[in-house]
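Once you scroll down, you'll see the structures, which are given as structure tokens.
You will see two complexes here that share chain A, one where it goes with chain B and one where it goes with chain C.
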Partner chain A sequence: MLLEFSIWLSETEWSIALHESLYLYPWIESAHVLSICFFIGTLIFVDLRLMGLAFNKLSISEMNSKTLPWTIFGFGLMVLTGLLLFYAIPVRTYQNIFFRFKLFLILLGGINIFLFHRQMSKEGGKWDEENIPRSVHIKASVSLVLWAGVIISGRMIAYNWFDCDRQPQPDWVNWAASCMIELSQMEDF
Partner chain B sequence: MKIILRIIFCLFFGAFAFQIYAHHAFTAEFDPNAPINITGKVVKVEWINPHAWVHVEVEDESGKTVWMVEGGTPNTLIRNGITKKTLLPGTIIIVRGYQSKGRLCLPICIANGRDVTFPDGSKVFMGSSGTGAPRDGTDPRELKRE
Partner chain C sequence: MDSGQLFFLFDRMEQSFIGELIRNSIWMFPVIESVHLIGLAILGGSILMGDLRLLGFILNSRPINYVINETLVWLKLGLVILVSTGIPLFLSEAIKCYYSRAFWIKMSALTLGLIFLFFIRNPLCLKTEKDSFRFRLVGIVSISIWATVAGSGRWIGFS
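So, the complex of A and B:
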């Protein structure tokens, strides 16, 4: 179903125009990287502050209220440019194991952010005066690891070692990338 | 203590940044010790960012082999003089380049393109310049090795 959707997307006029474009594609790519700097860059400093490793003289509430708009701006631009990059090359990206792994990490990162914000809205007011609880330290370090993983797996999407049109691949790759079409074509050779 | 932690942190991320920079596409996928020189017919050109692919059908005694040759971005190709009009399917071209590390031709051979020679004898580079491919000195735009 998603594969059919990707194939349909890849045949639309704008998708072709995007991946053939002389300037737009590199511009979108650059904007995507820049948006990651805003999103993950601000997030890293909040994480470090929560772990007591940076900006310790700033109160957490002040740090948070100042950086959050930038984090949200970065996230919005990141999603928008990311969707456009997917739209430019839908089928290959959909079948890319690094892309799938990255989406999984983003999901985990999102859950982590949700848990953190729920905890902060409950008891965050106390963190400015009292010690930050251990559970917050854990969430901050999990956040650092997950978002670093998102960047690394995002970069790996560019490499085509595990692409479906490169066979033979180990079974787990074909399974993880759902390479059905390529495998059925392979039998003709 | 905190300063030491901060320094360790910076070094850690700095090392990462350097590794990713050094981990270049050419050396990751192509073998500088496996140069190719093929003559064949263009069967398909995929004008795709960030790398265009030219499919070349090579015929010899053993039969037909299709080579997928990687070029630069569409922008790079057009600046070098390769356009949708000059690289039409059916054109006979000579491609110099480097084969993929696996050297497996399953189902088709994959290579990185260095330059293309057209039927009229004109020769243009197809985007491997400055990407980590061996600098063979033919492209004057490339900086000399330090």
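So, the complex of A and C:
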């Protein structure tokens, strides 16, 4: 179903135009990379604050509330440019295992943020006076690892090592990328 | 140094051991490139926190010198990661860089950015606690230079 949607998307006029554009695609890609600084760059400092490594004069709630608008701004920019990048190359991206892994890591990152915010709203008032609980340190470290993973797997999408049109691939790759082997082999003939 | 000598130098760097090593590997360039991007997140985030404060957009309840000072060690960490991954990336494709306009724009902007950062922005901002119009100017200049560095860096890959 998603594959059919990607194929349909790839045949739309604007998708082809974007894919073949000389300057627009690189510009969108650059904006996507630069928004890392807004999204992950500001998020890093909240994590560092949670670990007691930066901005320790600020309470956690102040650090979080003052930084969050910029993190959300960066995230919005990343999603917007990311959707356009997907729109330019739908089928290949949909079947790319790094893309799939990246989405999985983003999901985990989102869950981690949700768990942190739930914990903060419950007991965050006490954190400022006493020490920060260990579970918060762990969430901050998990956050740093996950978002670094998102950057790495995002960069790897560009490489075609595991693309469906490059066969033979190990079974687990074809499974993880949901390659239609018969289809891609038929296209060769 | 004329352009012939410069080309010779770049050619020698491309032939270097590290350059050869990375070119002969499928995965080394992508992996180093990814770490380069993690460096971008750290350096870019550090510069943004400071510059947004200079522009009066973040942590306004705290003095400028406090915000700049808190980001300084992370800024340097980001810079170390970026330079130590950027050099091997360059060595693996020095000739391509020689002919790349984006590469020369990036190197010029980077030089300008480092001079501005360590000789103008930080000395000025670490001294002062009070906001004034000229700090907004410093913030705008800083953001513009570093956006050029990062943006033109991405374009090296397109050329």
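In this section, the second predicted complex is superposed on the first by the 181 of 189 C-alpha atoms of A that agree within 3 Å, B and C clash if a C-alpha of one lies under 4 Å from a C-alpha of the other, contacts with A are read in each partner's own complex, and residues count from 1 in each chain.
Just so we're on the same page, contacts are C-beta pairs under 8 Å (C-beta built on N, C-alpha and C of every residue); 3 or more make two chains touch, one makes a residue touch a chain.
As the structure is a prediction and not an experimental result, all values here were calculated from the model.
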| item | value |
| --- | --- |
| Partner chain(s) touched by A:Lys57 [first = chain B, second = chain C, both, neither] | second |
| Which of chain B and chain C A:Ser65 touches, first, second, both or neither | neither |
| Partner chain in contact with A:His19 - chain B first, chain C second, else both or neither | first |
| Touching partner for A:Pro168 - first (chain B), second (chain C), both, neither | first |
| Touching partner for A:Phe45 - first (chain B), second (chain C), both, neither | second |
| Which superposed partner A:Ser135 touches (first chain B, second chain C, both, neither) | neither |
| Partner chain in contact with A:Cys37 - chain B first, chain C second, else both or neither | second |
| Touched partner set for A:Ile89, first chain B, second chain C, both or neither | first |
| Footprint overlap on chain A, where chain B in one structure and chain C in the other make contact | 26, 29, 48, 54, 148, 152, 155, 158-159, 161 |
| Complex contacts: residues of chain C adjacent to chain A | 26, 30-31, 33-34, 37-38, 40-42, 44-49, 52, 57-59, 61-62, 66, 70-71, 74, 147, 150-151, 154-155, 158 |
| Partner chain C, residues of chain A touching it in the complex | 26, 29-30, 33-34, 36-38, 40-45, 48, 54-55, 57-58, 62, 66-67, 70, 147-148, 151-152, 155-156, 158-159, 161 |
| Of chain A, residues touching chain B in the complex | 18-23, 25-26, 29, 48, 53-54, 56, 88-89, 148, 152, 155, 158-161, 166-168, 186, 189 |
| Chain A partner contacts - residues on chain B that touch it in the complex | 2, 5-6, 9, 16, 20, 25, 28-29, 47-50, 73-75, 78, 106-107, 110 |
